[in-house]
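In the two complexes below, subunit A is the common chain; its partner is subunit B in one and subunit C in the other.
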Partner chain A sequence: MSMPQVRIEKRLNQRRWLMVAVPVGSFLVALVLIAILLVTTGHPPVSTFRRLFDAGYLADGALTSTLIAATPLAFTGLAAAAAFRMRLFNIGAEGQLYFGAIGAAGIALFLHGQSTVVLIAAMIAAGAALGAAWGAIPGLLRAFLNTNEIITSLMLNYVAALFLNYLIFDSLSYWRDTSPAARVFPQGKVLPDAATWPVSTLGSIGIPFGFLLAAAVAVGIWFLYTRTRFGFEAQVIGDSPRAARYAGMRTRRKIVAIMALSGGVAGVGGASQIGDFRHVLDVKGMEQASYGYAGIVVAALARYNPFAVVLVAVLLGGLQNAGYALQGADFPSGLVGVMQGLILFAMLGGELLVQYRVTLSRRVPLASLEAEAAG
Partner chain B sequence: MTSADHLDPVAAAAGSPAVTMRGITKRFPGVVANDGVDFEARVGEVHALLGENGAGKSTLSNILTGLYRADAGELEVYGKRVAFQSPRDALDVGVCMVHQHFRLVEPFTVAENVVLGDHRDVGRSFLLHQKSIESRVTELGERYGLAVDPRARIWQLSVGEQQRVEILKALYREARILILDEPTAVLTPQEAEALFETLRAMAAEGRTVIFISHKLHEVTAVADRVTVLRGGKSIGTVTTAAATSQSLAALMVGREVELTRHVGGGEPGDVVLEVEGLSALGDRGVTALDDVSLTVRAGEVLGIAGVAGNGQRELAETITGLRPATAGSVSVDGAPVTLGDPRSAIRAGISHVPEDRLHTGVAPSLSIASNMALKDYRSSSFSQGPLLRLRRIGDRASELIKRYDVKAPGVGTPTRRLSGGNLQKVVIAREFSSEPRVLVAAAPTRGLDVGAIETVHGYLREAAARGVAVLMISEDLDEVLTLSDRIVVMYEGAIVGEVDAAVATPEELGLLMAGVTSPA
Partner chain C sequence: MNNSIVVVILASAVAYGTPLLYAALGELLAERSGVLNLGVEGMMLIGAVMGFLAVQRVGGAAGLVLPAAIAVAALAGAAAALILAFLVITLRANQIVSGLALTILAGAAGLSSYIGNDFDLSTDPARYSFAPVNAFGLQDVPIVGPIVFGQNWLVYASWLCVVAVSLYLSRTRPGLNVRAVGEAPAAADAMGISVTKYRYLHTLAGGAFAGVGGACYSLAITPQWQDGLTSGAGWIAIALVIFAFWRADLCLVGAYVFGAFSALPFTLQARGVTVAPELFQALPYLMTIVVLVIVSSGIAKRRLSAPASLGVPYVREER
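Moving on, here comes the complex of A and B:
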């Protein structure tokens, strides 16, 4: 007569141990799901996992590749976290990163012949400035016209992508390599050697300059949000815009500033793409990577904590890197994608358990109670 | 189980129990809202459920209407044990609630709202028989003195009329047990008296009316019996004939309470707040504040009385800069304040205890310490250049918590975890500690319990005694009469009268609040 009923209730006090136990548990669940997938597709699960972790974190040079994959994720993750904390949903890190890359590549080409220090500083500044400007557009629209920033920032990603294509494929722009060698397939001008960002080494691990920069940005964002007037206002506005207005805060300016800050961080990520890795305005490469969207996942998994963003970026970077290493004739890339998807799915699904608790209760139908009362 | 056929109201004799609740316990994480509550309401009575806020009245009525399920305890309706899974189950046995915040569809007509969600015959059919519904609504309205045009649209009705629609809705569904949650909060004294007539008529017909309130005089006026809840427990049930306001208040609070009127304070000083011809638009873009002029002197409490929604909230918001003005001026000590700019009002020394304290008065997810610094984080004592002085902010917050007796685990506690009374203390502590010239307090005690009301009133008097010009807006006439030196009444956005608080009567104010301005 009775049937179990599942109820999901919000937890009032979040337990600290759950913050660790749930992600770990989710990860294990994902491994089980993947193992089932591997067995059904005829791959040995245990050795596949070993290869996965080897390629991602353990083998020689694995961490170096992982950090390369992690760097852009850290930037876009930080960009998302900085805005989401204030409940401004900037989905536009993708486009802001493109503009950061355009700015950095442009200034590096323009300052041809300058020293590395000057070039790096100029590239960071230009990347941040263009990213911030692109991010400020949805910010201004939100602040003054009350437009939904999710839609506008998302739509501007397409505008940015089209503009990027235009620069290299549809025009003879300053960024495009117009030498006879590049006639066959359009590509960007290669940057001067001095514009290559340095790599520091820790033991056998190569750390891209961009990764260190991302870590510094994480510290900066944390400081900004916890120690400054600006961060205080941002928190109040994010929590209750009415309370912010009541307290005499200039909410519109802050909305624009936060969106610009978020865009600026993504823009530095774009500069890092150019300076650290690509050395040319690589349209297709950046578009295929979709760092901006992956950054939203990174920020969500890190619960918008800037330090956690860097950590999560390294974890996901390793996964991505391992994916490249795994795929081959015997292991289709689609399967790698499914595995990565399962891990993300389980991790994000597990988040529910941190904030909510699920209870099973027996639903007692009215009729049986009445029978009991009558009998 | 789809109908109430096995429950025959005629068979239920007057005086026999209609609702019996035994040992009802309901826990929410961190609180026990109901702790072994016993409650019984009889057929044919008006039974008041009295208690301070947080005493568990709402939880108990939500259990009775099937919104919540009790963790423990038994519920019997007309002697039969029931376990409601949803409000529909409760409706099936005739239990219906009239909520404090109306659940009406504004663009719909009265008749449409009445059948809305009714899952029996008429409401279920594909085509609605307008005529028969309308005639039934008219018939019910005449029988219980709930006159309202069934074809009128909800938005065209006054708040009092909307409440009648809510009650008609319950009657149309053949509710035998009606629960009314603080039904008089939005009514003038005259409207409230009419409502009491209706409730008595319904009880006389063999229905059971459960009347939730924390207003003592209403309870003694309308109820046959009263059950008092305190701290989630049922303290006892008494007949109102044998009770007085004083004795009920003592039961409710657990100690003797002073319910006396404030007797004129010291001599008021110079004019501090001067409002001249102030007009503003409401949230819907129509004029909500219409050419209001008033002055408040130092050390004086000016009470603003009026039925909710007559421009009081807009007045407070416009004076404090939250709402842009369309005309007029505000000045403090003769210096004009930039209208529509809260920061300018704060600089001029206007403190504001807002009506909506949880989302305007504080940022709910932020700590008590942050909220105590909400307005003066810019000052040099709490920030240095762009950096915050976190230690000082924390120290000051713990000092204020102590001084204002805020019950909280610590300064880091998010304010949304605080009870209404403690939340209000946080707002008051912040607003008072800024040494204001003017204090605008909107509904400063709404939703607070008797003990907290006393405390808040004490703080308001104390502020006036220190020479602050206090502008107090309240829908609670007792409060206005208790605290004010002068009272102005607002009706439809304008001031319709001013009376001396020492000689004013509730009846006189009630007429003004209803817009009757002919000389008395």
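Moving on, here comes the complex of A and C:
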């Protein structure tokens, strides 16, 4: 009698083909699981997938809407990736994005009458500044009081969301439309037309300015981590704090700087929400989208590579866009979330196959060994 | 006297705090074993929708259907936790990302919404729900009556759970083993405790508690089904565990404090006092940050802080 045993060992050298085969395989596994769910609940899987794919990527104007959905995901994904390169878990991109939106909307209202160029520059700067300030709080707490940034950044998301609600629903703030017409349902002041960010076109596809900005930010983060001393030191601190300390690297200020950078990127994402898309401090819309949490998923799927983040954001943005477009009685609601979750789970599980070798071995019981030795 | 504002607020603090309490007790068990499960919100919603589905579809008297629905909610929560457990314990995936993935998979725009929509659950209110029970006929006793004796069965059961979890972690052999697994898995392993088994069981128990917490909404507080009806309670529960220094008895206190802060503005508004509800609602989160800072700095650290290996996968070969 022998019991088969699963053994998991770390791979000494990573196989290149696995780096491609495993993500593709994981994605297919996720699709099969979703198909099983669809079949068991009486929905036709093939045509559901086809409609989803159509609405997300192929139909007229689908890619334009997909890029609009992808832009905030790219920003929050980059924010998460920038922090994780230093092994900092910033899950506060949600709140940092809100503060970026508050800053951008505030400055655009304040600079009413200025030219588009001035307004856009001011909105980006204000969004980045407020996002960075909100992101620096967990950074400071981590750097100087050794407080876990995961939980503090998470808590600050709620504080930011409540502050956002307060500005529009429970105060007479600068952001709120206080004209008699808006008394029935509280809403934000609509921004001046000049604060609308431009859309460039590539063939029939409209590319929001924010998306181009996100791509530029991706290049910047890549440059920071691969070509600068600052980025190198940040990675060393993340990988081995003790080695960094012996080498005399300034750990504390880098933690604060990277958290502020991460928050700033999310904040620009908030500015882009206002400039590209909403043109008003839209509380419920931003809350329901929960870009901050989705951004962490995007970053994880992209393995924290900034260029891959932009790509994954487009892929998931397409899924989300299809979800909005197909909302209705005959399309299963919640399917998009299920798909995103399952794809992520499959990818996370697949990661194991890249990093570890799984073998089935038979454990030979002691008794039979002894019998062999005796015989 | 029993209509005085303080009594009303305290009574609703207990009612609103109960789902938080269940979820926090569950998260406490998982975290004590070293697994940080950020999927609480998702597990609560799955428990809420499955418990509600059971009440709507299972025939029988209320006295049978309601306990069955709670069992279904617990099983559903545990099933959701099993996905996470497999990923983070067996496959050693990142716990934070996996927890978020679970919330997305199961949450307000995921499986719970899918199930709610497919079974058309949002049209009717619950066939049966947990109504307040006049315990020992003491509901009309001044002050304590409505707060302590005028609650529903889920509230009374939650008190038993607090006692049980508290005794389990401090007075029983398996409970002490869990703490060892959470603090020093390698040492626990050397003592012959199966780290994997303990982490699986407690993550699953955590999911079951979260499922029951979700069912508190769909079967007692609301009582109906709508997408995302827990509205962030799962995240509050995670904060609560820190707030309570990873102790079951303090989870109870914390849950009612958090419950009071969310009930307070509405109670005040009903009496004509206008306050911005956000100011009160933000307090628990800010207090959690303060508590976390205290816990993680200096003196308090050794006695009050998180399990030492929280969030760290255990790999026997790499210890």
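Heads up, the rule we're going with is that the second predicted complex is superposed on the first by the 367 of 375 C-alpha atoms of A that agree within 3 Å, B and C clash if a C-alpha of one lies under 4 Å from a C-alpha of the other, contacts with A are read in each partner's own complex, and residues count from 1 in each chain.
Methods note: a contact is a pair of C-beta atoms (placed from the backbone, for glycine too) under 8 Å apart; a residue touches a chain by one contact, two chains touch by 3 or more.
This one's a predicted model, so the numbers in the text were calculated from it and none came from an experiment.
Asker: One more residue to check, A:340. First (subunit B), second (subunit C), both or neither?
Answerer: Second partner only.
Asker: Please indicate which partner A:229 is in contact with in the superposed arrangement: first for subunit B, second for subunit C, both, or neither.
Answerer: First partner only, subunit B.
Asker: More residues of subunit A are touched by which chain, subunit B or subunit C?
Answerer: It is C that touches the greater number of subunit A residues.
Asker: Does the superposition put A:239 against subunit B (first), subunit C (second), both, or neither?
Answerer: Only subunit B is touched by A:239; subunit C is not.
Asker: Kindly classify A:248 by the partners it touches after superposition: subunit B alone (first), subunit C alone (second), both, or neither?
Answerer: first
Asker: Should A:154 be classified as contacting the first partner (subunit B), the second (subunit C), both, or neither?
Answerer: A:154 sits against subunit C, while subunit B stays out of touch.
Asker: For A:348 in the superposed arrangement: first (subunit B), second (subunit C), both or neither?
Answerer: After superposition on chain A, A:348 lies in contact with subunit C alone.
Asker: What part of subunit A is in contact with subunit B in the complex they form?
Answerer: Interface residues on the subunit A side: 11-13, 227-230, 232, 235-236, 239-240, 242-250, 363-364, 366-367, 369-370, 372-373.
Asker: Provide the residue numbers of subunit C that touch subunit A in the complex, in ascending order.
Answerer: 83, 87, 91-94, 96-98, 100-118, 227, 232, 235, 238-239, 242, 276-279, 281-282, 285-286, 288-289, 292-293, 296-297, 306, 317-318
Asker: So in the complex, the part of subunit B that touches subunit A is made up of which residues?
Answerer: 1, 28-30, 80-85, 89, 320-322, 341-343, 345-346, 352, 354, 356, 359-366, 370, 373-375, 377-378, 383, 386-388, 390
Asker: Going by the contact rule at the top, pick out the subunit A residues touching subunit C in the complex.
Answerer: 9-10, 37, 41, 89, 91, 141, 145-148, 150-152, 154-156, 158-159, 162-163, 165-166, 170-171, 293-294, 296-297, 300, 323, 332-338, 340-342, 344-345, 348-349, 351-352
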